Every structure is written in C-alpha cells, then in structure tokens.
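Next up: some structures, all given as structure tokens.
Both of the next two complexes hold chain A, though its partner changes from chain B to chain C.
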Partner chain A sequence: MTAAKGSAERTPSAARSPFVYRPTASPEEAARWEPRRILITNVRSIAGRAYPRLIGLRREPSWILFEILLPFLTTSAFVFVYRALQSPPEYIGFVVLGGAMTAFWMNVMWMMAAQLYWEKDQGNLERYFTAPMSMMAILLGMAIGGLLMSTFRAGIVLLVGTIVYGVVFSVDQWFLLLGVFVLFLTALYGLGMMLATLFVLWGREAWHLTQIMAEPVYFVSGLNFPVARLGLFGAAALGTIPLAVGLDAIRQLAFAGSTNTGSFISPEGEALLLVAMTIVFIGLARYLLRIIERLARQDGKLITRTS
Partner chain B sequence: MTALAEAGTRWSRQADPESTRRQSIAQVWRGFLTATRLGWQTEANWTNPVVYFLYAVCTPVFATLMLVFMIQVISGGNAPPAYRAYVVIGSGLWSFVVAGIAGLAWAVLDDRERYRMLKYLFVSPNDLLVLLLGRGLARMMVGAMGAIVTLGLGVVVLGLPLDLARIDWPVLVAAMVLGLVSIVALGLILASVAMQTRQDSWHYPEAVSGALFLIVGAVFPLNILPTFAQAFGLISPLTWWLEAVRRALFPDIQSGIGGAGSLYASLAGHDAPSGIEALLALLLTTVVVTLAAVATYRWSEHRAKERGLFDVTTGS
Partner chain C sequence: MPVSPTPLHSAAALAIDARNVGRVYKAKPNPIVALDGIDLTVRPGELFGLLGPNGAGKTTLIKILTTLLLPSSGTASVFGFDVERQTSQIRRIMNIVSGGEQSGYGLLQVREQLWMFSQFYGLGVREGWRRVDELIDLVGLQEQRVQKVSQLSTGQRQKLNFARGLLNDPWIFFLDEPTLGLDVSAARATRELTLAWQAAVPGRTILLTSHYMAEVDEMCDRLAIVDRGRILAIGTPAELKHRVQSESIFRLELDRLDRGVGALARLPGVISAASVAGNDNGADGERNTILVKLVLVDDGALGPVVSALAGLDAHIVSLQKSEPSLEDVFVELVGRGFEDDLTVHQNGTGLRSAGSRPADEESVAEELAGRSR
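Moving on to the complex of A and B:
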C-alpha cells in the first residue's frame, strides 16, 4: 500500500508541470518546444540565476562591511588627497561619483566576466550547457542579480559620500541623467557578458585579467578627474570602455555648469555611444557563446572542471 | 572530533616524536621552501616571465599614475616635488601591503575553494602556518616587483630627487624588515578570517588594505584626518613603516605623521618624529600585531579543525 502510494507520488502528472511532465509519443516530439515554452523556461532560468545573488545578500551580512564600508574608506582616501591639495569642491564630488561607479565595474569584472570561469571550476558550467535553456538567460540572470547588488552598494557610497563630504550636485536634465545611467548599465553588463565567454576560452588567465583590469581601467577612464585631461588616452578610453563614457556623461550632467567637467563629447553624444556599445557587446556575447557551445560539444573539454 | 581533526592533531602537533630538533627544523624549512616554490608556480606559471612581470607591475604603476595625475590636474602641472615624492613612495610601497595581506588569505581560499587541497595540507606532517607563510612569501615577491618598478619610475620618469649618498641605510633596512613582518602578521589575521567565513571572501584582503590606505598616511599626511582617525593610524605599524622608509630615503621629506595640528605633535610635544623614533614605534607596533596575529591564527585553526571547516567547500 505504502509502496503504491509512493509510486503514485512519483508518477508524472499533467497537473504538476506541463513543461516538465508533458507526455510525448517519441523523443523527437519531446525535443520540439513551442516558443511559449522556450520563453517561460528562459525567464525561469533568469530568475533562477539571479536568485542566489539576491538571497546571498541576506545570508552573509559580512559583505556589508567588506564590500561597502571598507571600499568606501578607499574612496575617502582619494577625497583626502584632493583636500590635501585644496582642490575645488567639484573634485571631491568626482571622487565620490567615481567611487560609486566602481561598484558596477567591480561587479562586472568579478561576478560577470570571471563568473563562467568560476562555474567551470565548480563543475556547474557543464550542467548549464546540458540544461534546456539559453546561456544568454544565464548571463542575463547573473547580470540582473549583480546589478541589484551593485546598485545597493553604489547607492550607499553615493549617499554616505555626499553627506559626509558635503558634495553638492547640480542637475538640470534629470531624464537625460537617468537615461544615460540606464544605458551605461546595459553597455557595461553587455561587456560583462562578452568577457564572460572570452574568459572561459582564456582559462587560467581569466583570474589575472580580472585583477589587471582594475587600476589601469580606472586611470584611463578618468575615475577621479575629467577624462579629457588625459588627451589621446582619454579619447581612446571614451571609444572603448563603457565606464569612461558613462562616468564622463554622468559627471557632466551631475555637475551642470561646472567649468571643471570639460569633455570631448556632449552627454547626448555619449548616450549614443553607449547605445552603440550595448549593441556591439551583446551581439559579440551571443556570437562568442555560440563558439564556446560548439567547442564544448566538439571537444568536450572546454566546460569540464580541470583544477 | 572528526577523523580529519584527529589526523591533524596527530601529525601537526606531534610529528614524529623520535626526530631530533635539527630534523624538525629541517622539515619546517623544507616545507616553507616547497610552499614558497608552489606559491610562485601557482602565481606565475600561466604565462611567460615577461608577460608576468608586466602583469605584476601594472596595478601599482597605474595606481601611482592615478595619484600623480590627480596632483598634476589640481596644481596645473606645478606640483611640489616633495609632495610628489611623498605620494610615489607611499603608493609604491603599498603594493607590498596589497600583495602581503592578500597572499595568505588567498592561499587559504585557493586551497579550500579551487584546488580543494587545504584539508590534505592540514593533515600533512607540516604546520599549516608554515605552509601559508611560504605561500605568502611568494606573493610578497610579486609585490616587491611592483614596488621596485614604481619607485624606479618615480626617480627616472617623474624626477624624484633621490640621492644615494644621503640614504640612511641602517634605518631603511631595519624599517623594511619590520614592515614586512607586520604586513605578514596582518595577512595572517586575514587568513584566519578567511578560514571561518562561509562565502565569498576573495575581496576581503583588498577591502582591508583599502581601508588601511586611508588611515596610515600613505598618500596624504595624517593631520588632514579627524583626530580619532589619526589615533587609529598611530597604532598601525604600517604608518610608522612608511614614515621610517620616507625618512630614510628622503631625510627632508614632509612628515606623514606630524605637522601642525597633528595628534602626534600634541602627544609628543614636537613637530615630527625622527627616523629612529619612527623605527622604535614600528618595532613596538609590529610586536603587538604579530602576537595578536599568531593568537588569532591559532584560535581560528583550532575552531576550523573542531568544526570541520577545512573540509567544507563553500562554493564561493
């Protein structure tokens, strides 16, 4: 009786999930999915991949100390450098703004770009590739989860920095500022998606590349000063690094009327640049994903845990 | 007590009771050297030496460039050379701190999370502390590359007025030795924390070194900070290390600790510490931090053993 009951509980039932327990006549029919089913599966994959990032915020509260408070002190060090130099007050604001924006860059580098490489290390990547979902859904889930984490961190750095150091923002075009910020995030996380696939291909170098892409990028992106002051290097950064473009545009819009925010391009032009970057980076991410998927199936080594 | 914990006790605490003291020391030394070599290989064998060298010096050089450029932007290109020297020395030497603090903590995380070898290292007939110190030394060597290149660029490219005849070599050597000991001690504390944490601890060393960067007068004098922050700075050995090295390299350089309105001046009754004074304060603070680090580590190791944390992969 008990055995029969247990067996009945394990029996697939249409009432439980039409996607998982759909009775089919043959494996070929089972492999044919209608668009709605593909869409719902991918949406669930996005939510599923974003979930651990969000729930992790609650489960390990030590990150508040190590990922918000202590990095805020690093930002403060640059504020005090400007104070020691008796700089104009806008520069203190540039540092606080830069400190907030680094939260997104760090997140993209460590929790997007390097993430598939970590997943490979932990043995999860193989499962992602065998699961019936798009890898873009996984990357998007990672991006959404990471984005919410980083927004929280950036918001706190901006709020506390503004209050503690008395930063005065002067915004004339709120909608453009919001639009530029959203475009900055899409371009940045698009870059993260692209790098995530590249880092799987590059293997162990990924770890070192992640480390190397902090200080040099901060410098050429003009993290603490207007990027135009770097001349040719600044122009090159504006053409390639979303952090440089987003930071420069937001700086111009958040300190409207300041004579210290001089740039090569207007915020409107930088918004268009961010749109172009979004399209290019996400397009390249899709293309590279197809390549690693092919290599993974062909060689069977790319996605398997090696260390 | 788990089988792993029992094995750890048997091997690490009572390793071969019949061996002589000399054999025990030789074994410790061998373990240390092997760990250093392994650490170096793990760090460097993913590429060729030239690329690795560029990788190692890239971060400290660009961090220094950022600060120097900030000074240039504000001063309109007329920054005082003394302040530039102050910033370059502080920023260059900081790569020792970043590498030293991260080295030990990342050794724990690497071996637990990535290579999953920590439990085997723990039950091997070597003290885990010795192995971690060896791994830490390997990273410290990477930090040394960054520091040397940054200071060299400061002299050659930025024109820092370094006069070899005026360097106070005894103070410099003593300050470097004590400073490096204190950095390793701080790294050991972070390694103890990494042993206990359940999730992502990879950023902790960077976060801690970033926070220390603010309070030790690395790139600006302490007297700009509020008094309570200056007090934290004065009890850190890194503050005295940087001061002693600066004094040894450039005897006339601006003090990072003293100066008008500083907490140091109000406590000591004179404007700035001499090289010897900085050295004595460095010795005292290093002893305190080292003792605290060893005690913290032993407690952490014991707790990790009791709770089976060496065997747990957190998936971070």
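Moving on to the complex of A and C:
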C-alpha cells in the first residue's frame, strides 16, 4: 500500500529492486500492524478468496450438469407427480423454488463445509495459516464467492422451471421477500462456515457425516413439498436448518394468499429466526476457529504430510 | 541494495531461538518422537541449513517455527516472537516455500493465483497486479503468465511457489527442500535467486532444509546435522568438515605396485594405505592402474611416500587430495550413510562434480573401521 509508494517516492532516482518491496527497518517494525492495516488485509483477503470461485464459474462448465441440470431433473420428476395427483397449482411452484434453492444447499455442503478438507490436502490450509489474515476472512471469502456463484445458478433453474412449467408467482411484499432471501443466504452460509471449521478438525469423519446427512436434510427441508407437512420433524427442521426456514418463508411470500404452504410461522417470524441463525452460526464459526486453530496445531491437523 | 537499514531495534532478538523443542505425533501403534530436545539459535542475516535423512524432523521443526504446529515441549521464537502465542506477528514477517508444494487452485492462471495470494498479504488490488507481474519477471515465468496453474511443469510450479513466497518481503524465509525434483539448471536458478534476495537487505534470514549435501555446503553460513529428532552437530560447513579430518587423505593412482600396498603402509607418517576399487569410468577405458588411498598424519608425510615409490619402481599417474564432504561428516556422526538419499547424482550436480565424491564416503568408513581396530 502506502509503504511501497512512499519508498518509491523517497528514492525516485534509484530503480526499485524487485527484491525490496516494502522496506522496513526491522522485523519488529514489520510485525507491528495498525488496526486499520489488519482490517484492510482481512477485507482484501475476503475478495482474494472469493476470486477463484468467480473464475471457476467462467472456467468450469461441469457445474452446468451438477448444479443446474440435476436439480432441474429432480424438480421435473416431482412436477409430474404433482400434476398426476392433480395437486393445487402452487405445489408446482413450490417444487421449482425448492429446485432452485438446492443449488445453494449443494454449494454450502460441498464447496463450503467439505472444502477445507480438500484445501488441507492441497496444502492450502498451511498457506492460509501462515499468512497474516484471519481465517475468518478466508471463510467469508469462500462463502461470498460461493453465494454469488450459486445465486447465478439458482437464478437459471428458477427461470427455466418457471417458463417450462408455467409457474405463476404472486408477490405482495417484495422487500420482505428480498430480505428473507438475503437472510436465508447469510444463515445458510454461516452454517457452512461453521461446518467448515469442524472439517479442519474431523476431516474424513466429517466428510462421511455430510454424505450420510445429505439426503435426510433434503427431505426434512421440504425441497419438494411444504415442510409443514412433516409435522414435528418439519418443526424441528425449521428450528435448525436454514434451508427449511428460508424455503418456507420464501414460499409464503412468493405465493401470497396460498393456504397450501401449511406454514405455522409467519414470514416475519421466520425472518427473525434466520437472523438468529446467522448470528449463532457465524458466532460459532468464530468461536470454533479460535479453539480449533489451537487444537489443530496441537494435533498436527493443519499440516499436510508430504513425505 | 537500495535500502540503508537502520540497525535492528532490539539487537538481542535472534532470528530463531529454539530451546529444548520436542514434538511428539500421535500415531497408531506408538507415538512418534519427531523432535527430541532441539536447541538452535540462528542470527539475523544468516542462511542456516538443516541437513538430515528422511524422517529426521526437519519439516517438523519448520512447521513449529512457521506456527502450524505446537511444540510438545520447549519454547521457540522467531525474531523474538513466541511461536505459540505471537502467531500474528510471525505470520506478518515470514514466508515459506516447500518442495513439491501444490498450493492454490489449478484452474487459476499463474497471474491470478499470485494475485489471490497478494490479497492475503493486504496488497491493494492494482498494487497486487503490479507486484505479481514484477515477481513473474523475477522468477522467469513470463511465458507462463496466463497459463493455468494445473498445467505447469515441476520447475515452473516451483518458480510460482517462490514468487508467492516473496510477495510480502519476508524477513525470514523458510525453505523446505526448495529444489526437490528440479533439474540442474532450475535448481541453480533457485539457489541464485535465493541468495540474491537475501543479499538485498541485511538481516534477511533463511532456514533451509535439504537432502542435497552440496547445496547445503555451498549455500549455508552454518548448518545443523539432524537425525532422529536431535541435533548432532552445528557449525559452518568448513568447521564440520574439519572435524572429520585431522589427517590428510590422498588418492594415488600408480601404474604398478608390485609389492602391494603393504609396502606403503609401513612408511613413516603413513597411517594407512589401502587399494581402492578402480574408477569404473568407462571413458577412461580399461587402464591398468592401481588406485591407492593414503591416509597420512599430515601433508608433509607425502614427500617420503613419493621418494619411496621411486624405489619401488612405481610411477605416479595421478595424485589427488581428497577433501571431506558433508556426507563424510554425516557418516561419522550418524554412523550410517545417506544412501537412500543420494539424489545428489540427479540433482545437485550443478554445484560441484558429484563424481568427486565417491571415494570420500568409503574413505571415512574405512578410516573409522581402521581406528577402532
């Protein structure tokens, strides 16, 4: 930043050597960072870590299959079943919405939670922990990158599903809908950040657990039907899984006046629930990171064995 | 170079100060003791080497100093900052590059990957791109600038790692087998870059581990020989080599020696004389010469040997003084060779002809055997 410019100005005649970039008088001086510099570094690190995700969106076309086509096919299967059963027309809309939201859930499970496990194998975890930014910045960068990427994908699924199956939305409260959607994202990715920290410590076991949990979570989240139909399980899911709450709230708001959601919490109530989840998950992620870094250094969990 | 450094604020702060550092890994049948009471001090500005066989604990020590691993016992500090508690400070002033490192994301281009890392060190957005391009030029990756990281060769990959390591102008640079798997010229380029970088600012410190004796010998101001988690010896390369050789060792090539080496061994000042298997140097053809390894009390004893040879009707074809290598030091200290690590032949050859080495190892071994008799 300023250090480099400053030095260049101080010695305008001397060609700056690439070997000397940000001259400091001593290691002690170089290690002394103002709070401002710490903050700036963390913000830039968020952008830095989000960056490869956005590049990946452009460069890895395989996601079209996994994150658009597959959710779309699942959605289609349910659409046909509901049509055959002559269910109320909103059900088709519910399913299309659920299909779109799957993109977020898959992204959180596979590219947030499990990500650090993979990062460790690559040796990236070591590089993150030897750099001066906070690990929280890395998690946020992963989350924001993934979130932008998935929003794009979810948008496509929603658009295609809406057109192909002729879904008619009726929205009264646009701002609340937008707010709930944003809160849904913060809660969901907060959960992802928290799970990611656990992956550092539990690696393989956490990976298996995620695989085992994926289907049941889809089910209780009511991706393909209104969650309230699950009774007690549905209520439990609403209390813990951001996907379930967010989906229920968005369905209520996107099909205003429909009684078929069977929801027993108002969208406003669910928005509050999402706020609480965001705070709890991100707070837990922060807290866990602090404990986990120490534990991981004790147990050698940050290091990759190369030899 | 352009920087005129003011003296270090606290002249007392050692670049590395490790005291009785131990590290035990939990492992399946039995815990593994990777480090067993390491005491080590490195001064600012030193290029310090850790030399040791596989599993000696070199990487473990580096991971402790780079805040990735806690010591199980003992304490360590880097420029006065405690590795256990003052991790933030240490992370601001150090960087690390390991051989075979695959950090980053394969789908990124070289430039993009470096830029990403530059953000982790807090460089501005455009400042980051500028610095990245500067480092790409410095390490010689111009042609791979926009190539995907996953498509780089081993040597190019290591250049990328080096550029990453230099992003933040570290005061201390940890290099864990940085030339692993590189060809001769890439390894040499890496060493030259390392030395030039260090020379640019007084006080820059490097901790280097390597299997390549010649690399350590050539580059390091001081080194420690490590085995099974312990430091066996510390000193400059010259000091360590001096230790194993108070005597003078010569390799003598004779056209004939009818009365056997025993005749030489009885001469005054000769500690031992042994015939050595000839050089299987195909280029030399099948020359009928006899190779003798002579161990003398000092160089002065060579005169009588030469005169005596004339009396024995033997002519000297060649005479060469054997210099001890770090490998000899290692063999003497550890009591076994570095055999499975003799990658020197493939890699370290740019330094000093690896071919000059073979006699030394056996000479020390024989010598030790001779002494114990």
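Just so it is clear, the second predicted complex is superposed on the first by the 270 of 307 C-alpha atoms of A that agree within 3 Å, B and C clash if a C-alpha of one lies under 4 Å from a C-alpha of the other, contacts with A are read in each partner's own complex, and residues count from 1 in each chain.
Convention: a residue touches a chain if its C-beta (ideal position, glycine included) is under 8 Å from a C-beta of that chain, and two chains touch if they have at least 3 such contacts.
Not measured: the values here are computed from a predicted model.
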First (chain B), second (chain C), both or neither touched by A:59: both
Would you mind checking which one, chain B or chain C, touches more residues on chain A? C
On the A-aligned overlay, A:122 touches which partner chain: chain B = first, chain C = second, or both, or neither? both
Looking at the overlay, does A:85 come into contact with chain B only (first), chain C only (second), both, or neither? first
Mind working out whether A:132 is in touch with chain B, chain C, both or neither, as first, second, both or neither? second
Under the stated touch criterion, which partner chain does A:212 make contact with: chain B (first), chain C (second), both, or neither? first
Which of the two partners, first being chain B and second being chain C, lies in contact with A:77: first, second, both, or neither? first
Quick one: is A:299 in contact with chain B, with chain C, with both, or with neither? Answer first, second, both or neither. second
With both complexes superposed on chain A, which partner does A:274 reach: first (chain B), second (chain C), both or neither? neither
Contacts on chain A seen with chain B and repeated with chain C across the two complexes: 56, 59-60, 122, 307
Show me the residue ranges of chain C that touch chain A in the complex, using the header's touch definition. 1-3, 5-6, 8-10, 13, 15, 25-26, 44, 54-55, 59, 63, 66-70, 79-81, 88-96, 98-105, 107-108, 112, 115-125, 127, 131, 134-135, 137-138, 164, 166, 168-169, 171-172, 196-197, 200-201, 203
Taking the touch rule as given, give the residues of chain B at its contact with chain A in the complex, in rising order. 46-47, 55, 58-60, 62-63, 65-67, 69-71, 73-75, 83, 87, 114-115, 197-204, 207-208, 210-211, 213-215, 218-221, 224-225, 315
Across the complex, what residues on chain A touch chain C? 1, 4, 11, 14, 16-33, 37, 40-41, 44-45, 47-49, 51-52, 55-56, 59-60, 122-124, 126-133, 294, 297-300, 302-303, 306-307
Taking the complex as given, what residues does chain A use to touch chain B? 56, 59-60, 62-63, 65-67, 69-71, 73-74, 76-78, 80-87, 91, 110, 121-122, 204-205, 208, 211-212, 214-216, 218-219, 223-225, 229-230, 307
